[in-house]
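Look at the two complexes coming up: chain A is in both, with chain B in one and chain C in the other.
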Partner chain A sequence: MKLKKEDTITSFQFIFLIIQAQVGVGILSMPFSIYTEAGHDGWISVLIGGCVVQVLLILFWILMKRFPSMTLYEILDTTTGIFIGSIIKGLYFIYFVLVGSSILSLFAEMINIWILPLTPRWLLIVLMAGIGIYAVRGPVKFLARFYVFVSFMLIIFVLLVIYSFFEVDYLNILPIGQKGIMPIINGTEKALFSMLGFEMYFIVAPYVNSTSIKKLKSASISNAVVTIFYSFLTLICILFFGLNEFKLVPEPLLYMIKSFSFKVLERIDLLFLSLWIVSVATSYMAYLFAASRGLMSYSKKNKEHTPFVLYAAIPSVLISLIPEGVYKIGEFTTFVTYLSYIFVFGLPVMLLLLSLLTHRKEKQQS
Partner chain B sequence: MKDHQCKNNSKPVNRVADDNLRVIQSILHETSDLKSRRITYQESAGMIIYLESIADTEKIQQSVIEPLNRAMDKAQPVEQVITNTELSLIEELHKGVGKLLNGSCLLTLDGMSSMYAVNVTNQLTRTPEEPSNEKVVRGSHEGFVDSLTQNLGLIRKRLENENLVIKQYVMGQTSNTKLAVVYMDDLVNKEVLAEIFRRIEGISVDMAFSPGYLEEFLENKTLSPFPQMLPTERPDRTMAHLLDGRVAVLSEGSATALILPVTFLSFFQSPDDFNSRVLSGSFFRMLRMVSFLVAMTLPAVYIAIIGFHFEILPNELILPVKASLEGIPFPPIIEAFVMVFTIELIREAGVRLPTPIGQTIGIVGGLVIGDAVVSAGFISNVMVIVIAVTAVASYTVPTYEMGSSIRILTFPLMIAASLLGFLGIVMGLIVILLHLCKLESLGTPYFSPFAPLNVSGLKDAVIRFPLWKMNSRAMDALPQNRRQHNSKGWKRK
Partner chain C sequence: MKTSEMKKKWFLLGTLIMFIVLLTGCWDQRLIKESRLILAAGLDLEANGKILDTVVYPVVNKGSNAVSMIRSVVVSSTGVTTRDARFNLDKKVSQMFDASRNRVFLFGEKLAKKDIYSSLDVIYRDPRGSVNAMVAVVKGSAKKSLEIQPQDSTLLDIYYPELLRSTSAIGLFEIETVQSICTLMFEEGNDFLLPYLRVNEKQQRAEVIGTAMFHHNKMTGTLTGKESTLLLLMNGVKQDYPRFTFKIADEKRVKERNYITILVNDIERKMKIDISPEQKVRVKLALEMDVNVNELPIDHLDSAAKANEFNKTLTKEMNALAKKTLAKIQKANCDELRIGKRIRSFHYADWKQMNWEKDYRNISIEPDIKITIIQHGIIN
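Right after this comes the complex of A and B.
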């Protein structure tokens, strides 16, 4: 056994890193937003969304295989040249910061609605950002350890939700496919937005000390877990609420859990929200890491992302303070999610084509 | 000996015994416990010089003077005459002084350009007693004593193995304390060991009176609330850790061995877990883990419920809690702080006082204050219960250090809970957890086997598996050899 000096993580930790980056702030409202598009076939949309993510992951893998020790940022530098590369890198940095700030503002909004109506938003946002800064400073392996540990909580999550099986009506999902294919496809779009976070593959994969195919395997496992988890949540919400009631509950998971009461704990939704905070924190940390890693790629001297975390966190806090009220925050979040079409779907595919056409590869050290 | 002494006193040994005595006296500043005795050996006058305070006069008489007298007429060299096991020839006076301070006596003879140093150290020992802060129900009741050699003996007695290595260091510019680094050569991770040596050699202190004093010099993060090295007074515990590939540091004059690198879990293990049956051992260990969580979070959770989330309580509970809060003038955070502060006062007062008075303090503090404060209407009943349970829980942790760090962690959590309710507690816990994940003890992960997750390590974590199931060593110290021989040999055909 050796003391691990270099900053690498195992493929096992990689699974949880991606899961935790994906499961985040959107989980509370995800079943609702899918339902508004796909109706009671929403769970099929989630499954289709998982397949789309899988295809994308394979594309990512083909790209990353050509540049095994590079993150997205270094790939941009090599394939598109330094000048265009640094512009696109900047755009990616802005994208990650924007996602980070949308997470922060949704988090603060949800806390204001559900737990602490009088606490100022800025305080919640600053505290959460502080936690993020503390977490991301230092090697990635520490972050990965934390992610694996807090993943135990997803099990509690599932157990809390499973309790609702006692009160569901199975007839609510029938008839399957009543509205046709189009609503399901539209719902897939919404599902994809909740699954965002798998783009961390671009940033974290070079840190994984493993073969390229194993990295793909890890990412696929996490995608499978998240897909099944999400479709399970959507399904259970549909079964629980049925057609008419569902339209009234923007955070269906919370409303569902709130309706149970045990002998010792009356309001389990508070417990559920407490666990949810951890998930929010982990996905914020992931995006903060991605953004600060992007800043690091501009610097020639620095080989660590730690000094840049603050510069990534401050803009995300400031931006997250701008939108106020549910509707503004909703608009902001929708805007950011539409940006992901470019940054998660469009640009990577173009990069792949570019690197295939120009036959650019990372020089093998041998 | 140390460099600074060499500079001042590097004089060769004189041919005249009296001159030697005079020089040594001046080096030691005419200290009163420096004694000498004139002798004659084979027609040459000589002198035995020793420090009365640490030399054993009986030994001088038996192993130096008597043999010399008996061999007066035979033409034998001194090496063959003296019966002591440790005899060395010394050329320079400052080395002689060093030996003198170590408990040797010096034998100088006229006409010789060197002297003999004979080890006649007075072994000031006490019998190994059970350490009062690490008691066990069953198992060994021996504890370390204050003498380094005897402590090393206690370890050797338990580990009759050729791979047990003891490396001695001298620590402390002024105090020149002996320090021993003990490890199993075939198990310990060589890189960790090299790092420990590098750190020990890099330390420069005037005084090193115990390994606990050195802890701050050896650890990475001094400001962390969690102890990163395990102090223990139990030889059996030390042995078990050595066999996990860890390193123990002992020092002269201290009954504590410092074990490093350790994990968070090591502080929750007790030899009792392995002495008792599997089920009860696991149960008690789980109890300790739960009590860790309770001690850290219970006051915070209570404050959060009272201040923010009353609705989480079921209807039947709301009434008694609300009734006890009726008429209390303070907000819950002040109540909690007053009570925790009182308990800490009682503890601190009780620790230093002799036992009979300590009990009185306990009764006055616990019963009188607790009862009076409630009937006076300052503090609510439930709060007294909560704080008392917290205090009891924090004392179930088998190591004192971890217990005190838990008690320190309750304060920030209580403040966070009073500001943000459950959100504050969760955020506080996230920070603590992050800190645990980031903490390393000499480059090895502190929160192993939880993070990084190590499934085989979990066999000896929250619960304890049967011993014959634990076939691999704890991985956190990165031992050279993973396999551990535990099997029920008779169960296979």
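Right after this comes the complex of A and C.
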């Protein structure tokens, strides 16, 4: 339909695409935000969060199976009609741009706090956006190859964190489930927010040159990897910080790594942050791609998202410059994450119901 | 077509050059030659409630015969907080201070008895704060301890870390850093010990005389070296060379002959916590030590029976020492053995009923130490 035939990715690349979209700017503060709700049972919350994501992925899969070669945007056009479809598409575009700018905002703030206090925020944001624009302008398969390539960094990430096992206290996670089930459920919400990025399934799935069930399999693998990874990170932070110091450190992972020092490398937190920047870039790219792909769907003749990348990147940069200071940025990102209730959980489910009720499906060309 | 491609290339080149200019990080460069690297710091509490901050930094002097000499320079200044004192220091010293490489924090006893968190807050808050610096408490003033000139090393910032590391190896304490004590300061039912130093001005040296017991953020008492070593073993931590010397005889002529020195080879510790329905806590602390006799001028260990005799004497002595030590830590409210944390982890219902702040002093801890001589050096 609207896709160029030659721009496809494999289901193997799809795994990494979703992982890299999920693992991003929030990873540094994720254990903390889960801890504030779930206490030292936070790691269970992450596991439950992973199950919720899996259920959503299955719903997405059912929806996407009915429209194998369409992205979310074309599905909107087919199921809700051109007029309503255009409006919702516009809202999705705004949502993706907002997520992009919250990523940029948080990224610049983190770098400002942790390593470059005197460097102006706008420069950091422009540099990050520049990388994003450069990467997204190419075909999707280039993006996917890049994602696979940088995924080895996640392994270094894990190794750095594993080092902290030398200084942990296993008693910290006991007694399990002491405060009951409610805090764990509340923590799940926070965990879900940090796992956002799996909605890329809607945008990228039609680009995957594979069967529908294989796509679900890939997405499930990435979900499992991310869930276990996050649960592990949360667990290790709890073991390291104990119950009361945890409340003081909003970026526990970084703080933990800062306290280690090797003979050759003294400040490992800098190394860690450099790896993290790549993760931030990949998730920013994913949202930038999603937004520009949305703009493309408005155009009748264009079959490439390339010309639209700038139109998505510029507003995201401008918006990200507005909030200043940790509290304002916090408010802004909380607002954006709450929007995901509508755009990642609400609307897709409604869309699925709508397509099931109206029996709309993509017409098979054969 | 060709010209447009050329244009594109020039544009790319231009962008690249711009990026090189932008990426140099002109805003945040910090050159070592432009800063004074603080490598050791001491904090004291003045009589008027102000903080006295003493820092040591190395200065390289170009000598006359092309040999450059590094020496430590000590300066101090007062302020209402640690950071304020540091600001006042900055006014006195050429170049800016850089405390991110600090190796040692020494607290004066007076300050340690009041609160150490407030003085360290600035380090926890600073992304470049030296959270892996070692921490120790000095009897008297920390300023004095940084003014000595030990002969072991011309640089104090090497002397103190080495001193603490070697003393930790003989089992007096575990090395604590600024970060590791932060967790413990906030934790309930889990306290810590810091090395306790004394300055010997005559010899121009500092010596470790034991450990300072902490409860939350306050120092609440001290232990001698022998007590600290045993406490560490009772806590299940065995460093490389924990040693004890006990008096076993009473001979008047040659006093040296009255003692035995043992080196602990291996330990096995078991802790059992019993809580009665009325929240009476009884802790049974079983500790088995395999030891190596280092020094025994009075006798020879030529038979297993003889070794057994010594086992009995040593066990008796050690148990007496353990009782004394445990009484001391309970009096100081220092839960170094993590009993509170264990109760919280494994008996949460009881924990909720208890007020550990008060109850810890009243629990009964029963040590049961067994010593077995397994080696006696290369002579009998």
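Rule of thumb we're sticking to: the second predicted complex is superposed on the first by the 361 of 366 C-alpha atoms of A that agree within 3 Å, B and C clash if a C-alpha of one lies under 4 Å from a C-alpha of the other, contacts with A are read in each partner's own complex, and residues count from 1 in each chain.
Throughout what follows, a residue touches a chain if its C-beta (ideal position, glycine included) is under 8 Å from a C-beta of that chain, and two chains touch if they have at least 3 such contacts.
The structure displayed is predicted, hence computed values, not measured ones.
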Touched partner set for A:Ile115, first chain B, second chain C, both or neither: both
First, second, both or neither for A:Ala135, with chain B first and chain C second: first
Chain A residues touched by each partner, larger count belonging to chain B or chain C: B
First, second, both or neither for A:Lys179, with chain B first and chain C second: neither
Partner chain(s) touched by A:Leu127 [first = chain B, second = chain C, both, neither]: both
Which superposed partner A:Lys361 touches (first chain B, second chain C, both, neither): neither
Contacts of A:Asn244 with chain B and chain C, given as first, second, both or neither: second
First, second, both or neither for A:Ser261, with chain B first and chain C second: both
Partner chain(s) touched by A:Glu167 [first = chain B, second = chain C, both, neither]: second
Common ground on chain A, meaning residues reached by chain C in one complex and by chain B in the other: 115-116, 119, 127, 261, 266
Chain B to chain A touching residues, read off their complex: 189, 191-192, 195, 308-309, 311-315, 420-423, 425-427, 430-431, 433-434, 437-438, 443-445, 447, 450-453, 475, 478-480, 482
Chain A residues touching chain B - in the complex, by the definition given at the top: 1-3, 5, 10, 12-13, 111, 115-116, 119, 124, 127-128, 131, 134-135, 138, 141-146, 148-150, 261-267, 270, 273-274, 277-278, 281
Sites on chain C touched by chain A in the complex: 22-23, 25, 27-28, 101, 124, 127, 131-132, 177, 179-180, 182-188, 190, 338, 341-342, 344-346, 348
Complex interface listing, chain A residues touching chain C: 113-120, 123, 127, 167, 169, 171, 174-175, 178, 240-245, 248, 258-261, 266, 269
